[in-house]
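Both complexes shown next keep chain A, but they swap its partner, so chain B is in the first and chain C is in the second.
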Partner chain A sequence: MARRSPYLITDYRSDLRLFGSNWKRFGLLLMVVAFIGAPLQLDNFWLGLLGLVAVYAIGGIGLNLLTGYAGQVSLGHAFFLGVGAYSAAWFGGQQGWPMLLWLPAAALIGAAMGALVGPIALRLSGQYLAIVTLGLLFIGEHFMVQWKAVTGGTRGTSVNADLAIGPVDFANLELFGITFTRNQGLFWLLWGVVALVALMAKNIARTRPGRALQAIRDRDVAAEIIGVSLSRYKVAVFALSSGIAAVAGGFYGAAVQQFVSPVEFGGIQGLVFSITFIAVIIVGGMGTISGGIVGALVVGALPRITQRFADYLPFLKSTPNDSGIILVGQFNLMLFGALIIVFLLAEPLGLAALWRRITTYFKAWPFSY
Partner chain B sequence: MTEFLQLMVSGVSLGFTYALVALGFVIIYKATEVINFSQGGLVMIGAYLVYNFTSTWGLPFALSVVLGMLATAGIGLIFERIILRRMVGAPVFAQVMITIGLLFILQNLVTAIWGPDPLNLGDPWGVSTVTFGEVVIQVRQLWGMGLTLFVLLLFFLFFRFTPLGLAMRATAIDQEAALAQGMSSKRVYMAAWGIAGATAALAGVSIASGAASLSPEVQFYALLAFPAIILGGIDSPLGAVIGGLVIGITQSLTAGYIGDIAPWLGAGFESVMPFVVMVLVLLVRPYGLFGTPEIKRV
Partner chain C sequence: METSTEPAHKPDPGPTLLDVSDISLRFGGVQAITGVSFTVNHGELFAVIGPNGAGKTSIFNCINGVYRPQEGSIRLDGTQLVGLASRRTAELGVARTFQNLGLFTNLDIIDNLMLGRHHLMRTGFIAGALWWGRAKREEIENRAKVEQIIDLLELGPYRRKPVGMLPYGIQKRIELGRALAMEPRLLLLDEPVAGMNLEETEDMARYILEVRASLGLTMIMVEHDMHVVMDLADRVMAVDFGVMLTTGTPAEVQQDQKVIDAYLGKAS
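Showing the complex of A and B:
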């Protein structure tokens, strides 16, 4: 009797399984090993970089729910990160709340802001929505600059928020008598949060709400006819994505930078920051959760790597007075632009689709399909 | 009263500048249904090219402007031909993101070539002014207004009376039907990008001339033109001008009076005001004041 193909999915439960095949279980094992082992092996530069990548991954997963799954284009993602960062500065820093309090507070405030923007998405579609959310960056920047008591005005404010869960302080981690550096501790904290957020997003995406969001993305009128409430889901996905962005922003302020300034999250810089997250999901893969993480690795790591190795590339200069054609910062932004263009032309569904194509090739080998 | 008139004049002048930038958005949107985020980059590179022709090469100003318009039109054409042409039929999101990618490239290319410091465009108007009663108007503002009206007239004549303008309107309404009537959508798209590039260069000159100097900040005007195009309706040239005027006057009056009326809103609120107006208008009229409503067919 013919053996059942291991790839054949015959019931709903196996379709929903997170780690269905042996390969995926092996991949999970690899990820766990990397999660535990990476901080012990990598030097401080790479660990700091991976901390930033983790923030990009959290924010990218949030934006992917909104843009990749629900099809709502937002250029205001940076604003919600700013809300999270300032919440961390105020509740965690000024008020001295512990992390288990300020982090949910940041998420709730971000989600509430997102829920306020949500209704606008009900009235506008596509490109109009993109421009309104662009307006959010400018309006947000103004209030971030003006509300000096909380935000510290244009100069910004430092964030001394607590990063501990109970007795375990990730900023000065001590386990079994071994003292770890700040970057080592934060790696475990941040990537732990990435795993939790990814799991939550995956659970949303693979069940009823996720399918409703994809139905809205593919055709909102049809979605409404089959019983998807547009108002509920659009507002909910805006709130959810903004809440996740605020968590990312909180960690960006408290763990990565320890400082926030309004120029980062508003106006032109804010637009660049928002586009960074869009680049994350385009490069990683729209409408996949793992895409957010893979994209964050590429987009987060690339600028720091060119910066680090600028001395070896003759056309780059690190300061305006060096020899060379173009400043590293400018080159990185151009690289972003080129990255977005190349991916949209060559692989619109991102690295996730590339990976899927490669695995399909080997599954079907020696046949082409 | 004099203060009010003075504010109105600078508001109207600012509004015409926004309108000129906005016309570039409108023509690309009319032909391709895509908001071209790289318009700010085109405005920027147009202005810097004109600077290059006048100050570096020493050409006469009027000739430099024409050359700058042609060169920027060329950049638009090339971009359409080698990149956006491949994206016809792709999701709008992807096309918009590609124009954002181009914006990043243009922005940083310009700063890499010409540096971040302010430059003098080398225009003949300088800081000279004329006075009507007690209201002072800069000569460059008058020229800016005149040029915008002239371009608007050209747009009107072009869309109304030329075969290409007709083809463009037809393609915007229904690309396949227009193709079936023998109108080449390739030519329409290229023409749209070319015209948008030329308009962008002109807008760049009108922003950076006179007392205002040429710096990478020029591109911010394109971001502030977004409220104008949204307000006027993204596919209407006349709407773009009216939207530009509304935004310009709002901004100028806000700058003049916000300190007396609502000081708690803080300094610099005038640069946020356009976006506030835009959000309010969009909530009432989702397709702007003069835009065509999108009809949903089931």
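Showing the complex of A and C:
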């Protein structure tokens, strides 16, 4: 009997597998090894950086569901991260709730806020929707500054929230008698959450609701005619995206910064933060889940790397008094802008599309198609 | 609430499936449709012809709830369609294809056809996110149905291609496939062969006949290609300026003086 080709798929069950081919299973294995091994190998700087990247990845996946899949532009993503961060500060920090309570609370509050914005998207699209969501940042800033009892006002507030699942405290991780540093423990926590969020988002994307979102993006009139409720799905995707953003924000406040201030999530800085997430999905790839993670690695890592190596790059200065032409922070903003422009021109569907092109090339090799 | 619909499997040229009675549609001062009435029987292929701007597509848009006619009633097996959102008419079993294509261009054929089954599926965000259980079961069941349609319309080779990259003739066929995936009771075909060359036209005509033979589907077709209309349709309605000129067999309509005048202009 002839041996079955490993490429031959004979039932739908195996066709629907996420990691169906041997290459993909190998890739999964590499990721698991990296997940377990990275904290043991990398120094504190890189682990801290990867913690931030994880937050970008979670938020990026959320924004990608909204913008990449459902085609709804939003400049207000930072606002929802802010909602999550302040929820972590209040429920996790002030009220002392455990993570398994404050995190869902943050997600639910974020989702509820997103659901309130959703109906606007029924009326507006494109740049009009972008302007309305931009307004969120300024309304948000006002609340963050004025609602002092919860937010600590302009000075912000420190976030001392619990980061434990049951007896396992990731901020003070002790396993098998070994004590790990905070950054090591948090790496496992944050990237575990990234994996979970990515898996759930991927599952949504490849089933009925995800297809409905993409139908709305591609042609909303036809979507309605085949039975997709525009109002239901637009509101739902705003809620979902904002809920995920709030989870990212919660970790940003509780794990990465341990501090929240209105400066980051509201107003102009909030806009910069929102655009950071837009850069994440454009660089990584709109309409792909893996794109959110890859984009986060690029966009999250770049600023910290330029900061670290500013001394070696003559045109950069870390403080205004140093020699050099441009401050690191400003340079990073320009870098994001340049990245967005370059990708939109050269590879509008991001690194994910580039990767797909490369794998297709090798699959078809030596033929060109 | 009626949600699941089975296609009528045997052509049953008896009772009326669709009863359009005296509908009128205005856009401001523009009278798009004036008092049009017709009935379509189970299993029938009913064609609507008329010059450009005659109101053919507007009639479709009234049937599937895109427009709401100011007067008249449209009943599908007795259920009033006027006033229902197009989403609801889809659930009741009205499917359509578009004149200028209404495909989801970035999605592949499978996803486009699976979207046709959206109203027959139940997975929501939570069940979808969890995957194991209902979502997976539903995906597999519906995928099997979609693959039957892909086989019927011979779309197999393009299955995983984003449909926007495929040739026009194939895209028209995918639209037909998506409409079939909806398991409709009534299929509205808006210019299924518009812009096609002879070969593509013959292919499409063959697929329409095949669909009819194998599914016994009731269809209304708007078409400008008179060869296709005369060969395929059981009955033809001619409209002009939103008014019905005549309804009858293809041969009768072809001979009708009002129809000839509408197309060729009156001899003066």
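Definition applied: the second predicted complex is superposed on the first by the 354 of 369 C-alpha atoms of A that agree within 3 Å, B and C clash if a C-alpha of one lies under 4 Å from a C-alpha of the other, contacts with A are read in each partner's own complex, and residues count from 1 in each chain.
Assume a contact is a pair of C-beta atoms (placed from the backbone, for glycine too) under 8 Å apart; a residue touches a chain by one contact, two chains touch by 3 or more.
Keep in mind that what you see is a predicted model, and the values were worked out from it rather than measured.
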item: Contacts of A:203 with chain B and chain C, given as first, second, both or neither; value: second
item: Partner chain(s) touched by A:287 [first = chain B, second = chain C, both, neither]; value: second
item: Which superposed partner A:212 touches (first chain B, second chain C, both, neither); value: second
item: Which superposed partner A:240 touches (first chain B, second chain C, both, neither); value: second
item: Chain B versus chain C as contact partner of A:33, first or second or both or neither; value: neither
item: Partner chain(s) touched by A:313 [first = chain B, second = chain C, both, neither]; value: neither
item: Chain B or chain C, by number of chain A residues touched; value: B
item: Chain B versus chain C as contact partner of A:9, first or second or both or neither; value: neither
item: Chain B versus chain C as contact partner of A:221, first or second or both or neither; value: both
item: First (chain B), second (chain C), both or neither touched by A:138; value: first
item: Footprint overlap on chain A, where chain B in one structure and chain C in the other make contact; value: 221-222, 225
item: Residues on chain B engaged by chain A in the complex (per definition of touch); value: 34-35, 83, 86-87, 90-94, 96-98, 100-105, 107-109, 111-112, 220, 223, 226-227, 230, 234, 265-266, 268-269, 271-272, 275-276, 278-279, 282-283, 286-287, 294, 296, 298
item: List of chain A residues in touch with chain B within their complex; value: 67, 71, 73, 120, 123-128, 130-132, 134-136, 138-139, 141-142, 145-146, 221-222, 225, 268, 271-272, 275, 278, 282, 325-327, 330-331, 333-334, 336-341, 344-345, 348
item: Residue numbers on chain C that touch chain A, as the complex places them; value: 64, 66, 85-87, 90-91, 95-96, 98, 102-107, 111, 114-116, 118-119, 121-125, 127-131, 135-136, 138-140, 143-144, 147, 178, 182
item: Contact set on chain A toward chain C in their complex; value: 12-13, 15-16, 200-201, 203-204, 206-212, 214-215, 217-219, 221-229, 236, 240, 287
